[in-house]
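Below you'll find the structures, each written out as structure tokens.
Consider the two complexes below, in which chain A is the common component and chain B and chain C are the respective partners.
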Partner chain A sequence: MSRKIAEVALGVVTGIGGFLEVGSLATAVQGGAEFGFQLGWAVLLGSASLMVLMEASGRLAAVSDRTLIDQLRERFGIRFFLLPLVVGFVVSLLVLASEIGGVSLALQMATGVRFQLWALPIAFLAWLLLWRGTFSLVENGTAILGLVSVVFLVGAAALHPRWTSVGAGLIPSRATHEVARYWYLAISILGASISPYLYAFYSSGAIEDGWTTEDLGVNRITAVLGNLFGGGLALMTLVVAAMVFLPRHIHVDAYEQTALVLTPALSHPGFVFFLATLAITCFGTTLEIALAIAYMLAQGLGWPWSENMRPAADSRFSFTYTVVLLVAAIPIALGVNVLGLTNISMVLTAASLPVTVVPMVVLMNDRDVMGKSVNGFVGNVALVALAVMSCVILLAAIPLQLLGGS
Partner chain B sequence: MAIPSRSRRGAPVPLIALAALAACGGGGAKQQVESLDSWRATIDLATEAQLRGWVTPRYAHQLRDKARTALADAAKSANSSDLSAAARDSVTDAARSLEAAVASLERVGP
Partner chain C sequence: MKGVALIHDVLDAQLLDRTQQKMGRVDGLVLELRDGEPPRVAELLVGGSIAAERVGGWMTAIVRGCCRVLRIEPAVSRIPFDAVEAIGACVEVKVDARSTSAMRTERWLDEHFACRIPGGSGEERK
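For the complex of A and B:
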């Protein structure tokens, strides 16, 4: 019993500490700065969607002893599987580069040393931790440090927002101005919340942690509470930006501007904690995405894989995260615009959702795979709604990038 | 046979393209002014933050550099012949305002 409670607590901490990263921070700050509390619904929808997908992918792994990637390949065949594999790989690589950019910018703002110079050392440190560490070190260590992001809750409380107005923002409403920009930011916020790497990582983690059907309760509570609290922090980020940037007409054109967001509420500690949040959460996500990409390739191509194995025992898996870390660091080292890269990555992430979400509807209803744990009515309604939403996003993403992206 | 170079309502495509370009030009100036105003507000907040010791001079220096980049972009845009005189004036006014804000931040800084 106490082991279960510890697992749930750790899972929830992982949800809280691991939710914010370069994409969710940037999009929540931009959304709050330009539209106040009005885009709160996109944060809520993003965390609710991730909740559904994580619960489903965790359940799939616990019941079938196979990850989501394994199941996609086995159930739909290699020809179809190449689509989610390639799309997931490319999109995750872009997000990985953005995360390395986030850590680099945090270090630039703290030290004055240009962000380009930090990219390769950060990639090396991430590689070293993956090479030497275990899955629980990666998952729990970074999540516990990521609790520093609770500073946004403290900041929001210190600014005394009208909570009824914050609540009103949780109900979708029409844009009062800049319609294309509004929907572009809404899609970016969704893309930042529902990244395919997250549930690929989560279902691989379920196998790494040896989950069985006995862990289904832990899976459900972890997915619900972790994303509820994590999404709450993203919402508080939007609230802080709405209170600080919107009245001053500050639009975020560069990441450097975002470091001011907590200072009116928390003065110098606000600045320090913002940088710490950016650095720690982006670094944690860097580790997770590098692993997620290696998981995707190894599971998809049938290689041995586990972060708990010695690198020599799963050399192709270890080689993959080594190479992707290096490749993702290169654009940052060359000075690419991190905020621009982040925004594009988030929109492409949102656009890539159908290739994993639609097959999940089939998998979660397959009795051969799920046995007694197939989706119920509520689960199916949620998953089908998500699949439809992901197809709409796919159609709207590129036009909105052209019309509403800055 | 349908003529592909015409829209459904019959307006020739080059005309539509020109109108779109003109709209982009006006929108470009508006965006430029908004961006400059946003940078001025950022620099004002950074000046206050540095005066109160909320941020480090090192960080304020980086923001100043970013604001100068926005100013350089605005100067290029104001010199461009694509802008109307009124649009150019509004960009120039916003740029002057940002310059003044940057100068204030420099007076506070080390």
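For the complex of A and C:
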């Protein structure tokens, strides 16, 4: 029993600590700065969607002892599987570069040393932790240190927003100005919350931690509470940005501006906590994505894999995370615009959703795979709605990037 | 007679060797055509070039190109169907993974990469 409670607690912590990262921070701050509380619904929808997908992929792994990636290859064959594999790989690599960029910028703002110089040392440190550490070190370390992001709740409370207005933003409404930009940011926020790497990582984690059908309750509670708290923090970020930037007509064009978002509420400690949040959460996500990419390739192609094994026992797996960390650090070391890269990554992530979400509808209803734990009516309504939404996003993403991307 | 749906249950399944080591996926199946007798499944094939053929000519070209750049022959491992021990969530076979070409890249990286970096080798679990 105490083990169960500990697992749920850990899951919730993962939700809180794992939710905020470079994408959700940047998009929530931009959303708040430009449209006040009006895009709150996108944050809510994003965390609700992730809740559904995490629960489903965790249940899939616990019941069938196979990860989502395994099932995509086994049920749909290599011809189809190549699509989610390649799309997932490219999008995750872009997000990985953005996360390394996030840590680098936080360190630049803290030390004054240019962010380009930080990229390779950060990638090296991440690699070292993966090389020497275990899965629970990555999972729990990221989660516990990520709790620093609770500072956004403190910041929001200190600014005394009108909570009824915040609540009103949770109901979708039409844009009053800059329609294309509004929908562009809505899609970016969704892409930042729902990333394929997240459920590839989550369902691999279920196997690494040896989940069985007994863990289905833990899985459900983790997905619900974790995303509730995590999404709540992203919403608070949007609230803080809305209270600080919107009245001052500050458009966020660079990360350096976002760093000041907590200063009016919490003065200098706000700045320090912002940098700590940015650095820690992006670094944690760097570890998770590098692993997720290695999981995708290893599982899809049948290689040995486990973060708990010595690198030599699964050398293709460990070689993969080594190479992707290096490759992702290069654009940052060359000085690309991190905010621009983040925005593009988030929109592409959103556009990539159908290739994993649509097959998931099939898998979750396959009795051969799921046995008694197939999706119920509510689960199916949610998953099908998500699949339809993901297809709409795919069609809208590129036009909106052209019209609404700054 | 208990049948096995070859495409559904065997093709693309995870292969495990006699020590439960993961050794790739079933990328192809070979049927042996026999005079006067029904055809039978002769071999399981493991290899990127086999999987590539199933994707299409363009993928085969990419794999061939990569092999040419790396100056290697595409590795194809042929496992006799007689060696299959169990077909379930994974396909278990009575072979030693390390002795097959399915693990060629794994072995090479093991020797030239993982074992050369401190902390890479040692006990199997960290």
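Throughout what follows, the second predicted complex is superposed on the first by the 406 of 406 C-alpha atoms of A that agree within 3 Å, B and C clash if a C-alpha of one lies under 4 Å from a C-alpha of the other, contacts with A are read in each partner's own complex, and residues count from 1 in each chain.
Operating definition for what follows: contacts are C-beta pairs under 8 Å (C-beta built on N, C-alpha and C of every residue); 3 or more make two chains touch, one makes a residue touch a chain.
Since we're looking at a predicted model, the values are computed, not measured.
J.: First (chain B), second (chain C), both or neither: which does A:T111 touch?
T.: After superposing on A, A:T111 lies in contact with chain B but is clear of chain C.
J.: Counting residues of chain A touched by each partner, does chain B or chain C come out ahead?
T.: If we count touched residues of chain A for both partners, the winner is C.
J.: Have a look at where A:I78 lands relative to chain B and chain C in the superposition and call it first, second, both or neither.
T.: After superposing on A, A:I78 lies in contact with chain C but is clear of chain B.
J.: Could you say whether A:D70 touches chain B, chain C, both of them, or neither, answering first, second, both or neither?
T.: second
J.: I'd like to know which partner A:A312 touches here: chain B for first, chain C for second, both or neither.
T.: Once the two structures are laid over each other on A, A:A312 reaches chain C alone.
J.: Regarding the shared-chain residue A:H249, is it in contact with chain B (first), chain C (second), both, or neither?
T.: first
J.: Pick out the shared contact residues on chain A: the ones touching chain B in one complex and chain C in the other.
T.: The answer is that chain A has no such residue.
J.: Show me the residue ranges of chain A that touch chain B in the complex, using the header's touch definition.
T.: Touch residues, chain A against chain B: 108-112, 248-251, 253-254, 256-257, 259-260, 263-264, 267-268, 270-271, 406.
J.: Contact residues on chain B for chain A in the complex?
T.: Those residues of chain B that touch chain A are 31, 34-35, 37-39, 41-42, 44-46, 49, 52-56, 58-59, 61-63, 66, 70.
J.: Once bound in the complex, which stretches of chain C touch chain A?
T.: 7, 11-15, 21-25, 27, 46, 48, 51, 54-56, 59, 89, 105-106, 109-110, 113-115, 117, 119-126
J.: What residues on chain A touch chain C, complex-wise?
T.: 64-66, 70, 73-74, 77-79, 81-82, 131-134, 301-305, 308-316, 318-319, 322
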